[in-house]
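As written, the chain order gives the labels A, B, C, D and E, with residue 1 at the start of each chain.
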């Protein structure tokens, strides 16, 4: 993972996507469209959904939910993990609780979520938070114990302010853990929101996908899936770019 | 996370669980049993399922699927992540593919999974693998770049055999990443298998839970959930114990 | 600075047991002693990285600078930023810039200002750490083998620099070294540690004033001290 | 060992440019030179951690031991295990145990055998690294400031140890140091590096045979070399 | 396919609620249906009950192997893989499969009128009473939704009620938990609510009855499909199957406890619940061709509001099996 031009990077990513499309296309030759439509059919369907205005409409609904849930999980999970991970007993106390929360399948949460948050969109947000929070938490908790004690001692002695220590020692050391969690959670959130909307909501991409599924509109199912995938990968690429540009990202590579 | 007696550890875990049970019990007072049964009702239901022999029967089915999927993901994901994470271009190529695979919701996989693997249990295994593999992959890929180059240079010069380097340098350095991924994936696998069985199979805990849900047997839904949670937390505790006992676990704490 | 009957142990290893010494304020105390005796431990106790189990260390609540035995640089920051790190939120940007440029010049790292630690040689890292320790205006300056890894010429330069700084701000300096000549060149008080728990094997005062100690007529006097110290160190090692 | 017109640069910093020296087989060559000149880089080139851009280094395909400038111990292994690490799969368990116990005794770490690196003092880490470098039977022994952080007595002991080992296995030794006296005490050839790219400022041969160099009548001769070298180093620094 | 075929079907209740949609089941064994053995794929719902009697051998006819489906994916995979000779599915799904080009033909309609609008508010007697109320409907854009909208439209109430959608399980649970007052749900999902709510339960509209008032015919819901090639080659097998299925239905009406007992084991639904559900669904096998006008009326309503529900087109002649 040494430096290289980002132009090359884009080509590599592109070629990966082309490869996948090719595999999909080959596979689609072996099945009828109701089982596995071809990339072209799917794109056509997506286009027509876009023309109807449905695609963007539902996407925005889902996007807002995911962003909200993701941001909360990232913030709270990372901070909680970093703080709790340092104190052995507290960590031991919290850890099984989080494992439990994470093990409970969405289907068992849904009814409570609906009651607490209504059919609007609260439940999907809640489910996505529950799915991603533990990842941020565990990664941060494991990462915090990898922060060099020596550098922290040094910072203390030179009376470096707390927030500078956070920024200049903790953050770069935690970064590989956090960025790993972000990579993982970008994929997971999109996947989870679809399931959650499908189970509990009547708006958003998940709900539309569920509908298409019941109507055996496989190409529409895939069109929605494709939309999610494109948004997901774009998010991931965006994050990567940001991370590479900001100091923290560069920082943690110097090691 | 400094050392302490493991007796204390157990008490802390126990108290966490008691706290959760207490919260659940309090919450159950506010809702009718059809929405949220009390812990006692749930346990009663679980007991009766156990007496009927259904609990163990379904659990074993699910357990075998999870174990298989988890083990494969752990092995393949970690090894692939560690190997691919080191080569920038390969990583850039594989990363979007994995993000894509991870973003596709199970519901979109299911039909292909059923066709490829039949109605038996192949599909749930496949879905769990797809859910956990990227976590192992990304954590390993990020971890591999944190392995000290200096120690590797040292090992090379002293002509330490490859497998010893793996065992004594790579593994301890990667361990915080791997063990974090394991903690995360234990929860996720159990959750995912329930969803996957519910969607694609007629055996296993997930299928039974789905059935109970449709019959509005909320206490049975929770009994199954409880079973999963107990098994999940037990796995997690077991892993923690093993990890603390084996050298690698101890190793990576000395830092 | 008075160290009063302190007790400290690493696990089951007793390092200090009812140990007392006096470190004169605004003077330079050198500590000699064999490897693993507890010199670094004493510095860390003074810096409060470790807490004494018993006894008191008076006067360590002031502004402290510590040159660690290892460089302890932030790997993700350049030399300049590493030095800047300890001045952030304390000085204005312009002032910081001036002071850092100045100190980097003095330790001979101007060309490496924007290099990362992994791009530096061993001696350069040490000099970067020295720059960081010297850039503030500490009341207490703790130096753990400051000249390790430097060539003779650099050693002399840093030595000069230390004495200039000491002259200007008059901090209390505790200077750990293995080099008797170095100790004599900077120390006003020289202590030799030995044993477990630590005892002071020998305490010397060098009466020749700092910073210049090369007058011809002093040579014999200093040589005498040097030989005495060397002998003591050999004795200490045998116990 | 012949180094033939090698070229190497760190990024845009040219370190070696068509640089050639001869390191006599089975002899000890000491390298002096100011901080950051490229001594460590040369060792790493010989060890093939870095690859030359041009030129050849003949004879570096043999068994190499390297004492790094930093200890580079595995933090999750005890002192014993750290030393054992480089012998694994090479010797039987019993043989390993014997050799390691022996070498740890010689560097004075018997009591710290089962301590982890973070429980060691600076000098102890250095000695652990020395033990690791000395435990094998290398054909080429690369030592980067081996005596740093050690007290006078330990320095002498390690010095003796090195000479004993050298006497026994006759490896080609490249010994980097900043201490002229040290160089004279062990070196058969002494090189002073300077400049960028590196040039050899001075090359000295010490004709007094190893291991003993303290005969009265040699003193003047050795002192002469020493003064010559010191002068050269000061000159080198000024360029 | 190595799917475990499940011969027992366990659940019952659920299924039809799903109108085939949400769940599905597994398998079927496809294996070779020897001369005498047919394989039958059914949701865990009404169409399964007669089949259970057939499997028991209580009626004359060829041997039957049953497997069940819960989710639409399982159904689709089975149909695609041609893993069952006969499959029971909701009519709209059957039309949809046909429209999507899968070689399926409808051979009969056997389940009628399974949808109800219910309320826990004793004041509510007619649709008008629901003005300004919130109503929870299952199967968005599926038959319950479309038909309900149709009735609202007929009464000019379309914009005067608030409709929320969710899954049958959630709606029933909320209904029982007192968080929802009015709901549109299909049987047999509804029977759990029926039996638990007892007195508090008001059945506001029986869609079957309402449909009959509007169009003077029954409301068809589910039927059996067959692979059209198989049917063309073995018309007598279809005949044989239908005949035996009809006998089983007769037996079901004569001795409902017997089928319910079998189903309790097969679908894991309590016997009384099955009997309750049976009382609110009309089980009656009518050959596809005979039911064609009724089905077309039904499809037209679906088509008008949600063409996608039946695959975007009214089924052609080839949809109806004929010898």
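Descriptive notes on the structure:
Keep this in mind: contacts are C-beta pairs under 8 Å (C-beta built on N, C-alpha and C of every residue); 3 or more make two chains touch, one makes a residue touch a chain.
Since the model is a prediction, treat every value here as computed from it, not as a measurement.
The chains that touch chain A as well as chain E are B. When the CA atoms of chain A are superposed on chain B, the rotation angle comes to 180 degrees, reported as a multiple of 5. In whole angstrom, the spacing between the mean C-alpha positions of chain A and chain B is 17.
Separating the CA-averaged centres of chain D and chain E is a span of 85 Å.
Chain C and chain D have centres, each the mean of its CA atoms, that are 26 Å apart. Computed centre separation for the pair chain C/chain E is 86 angstrom, with centres defined by C-alpha atoms. Of all residues in chain B, those that touch two or more other chains are 31, 35, 107, 111, 115, 210, 213, 218, 253, 255.
Looking at chain E, one finds that residues 73, 76-77, 80, 173-174, 177, 179 touch two or more other chains. Contacts with at least two other chains are made by residues 70 of chain D. Here, these are the chain pairs in contact: A-B, A-C, A-E, B-D, B-E, C-D.
Those residues of chain C that touch chain A in the complex are listed here as 47, 49, 63-66, 68, 70, 72, 74-77, 85-86, 88-89, 116, 118, 132, 136.
Interface of chain C with chain D (complex): residues 10-11, 32-36, 39-41, 69-70, 108, 112, 119-124, 126-127, 144-145, 148-155, 178, 180, 230, 233-234, 237. Listed in rising order, the residues of chain B touching chain E in the complex are 31-32, 34-35, 107, 110-111, 114-115, 118-122, 199-203, 207, 210-211, 213-216, 218. Listing the residues of chain B that touch chain A in their complex gives 1-2, 4, 8-9, 12-13, 15-17, 19-20, 31, 35-36, 85-89, 91-100, 102-108, 111-112, 115, 131, 134-135, 138-139, 141-143, 145-146, 176-177, 179-180, 183-184, 186-188, 190-192, 194-195, 198, 206, 209-210, 213, 218, 221-222, 225, 228-229, 232-233, 236-237, 253, 255. Residues of chain A touching chain C in their complex: 150-151, 153-161, 164, 168-169, 172, 250-252, 254-255.
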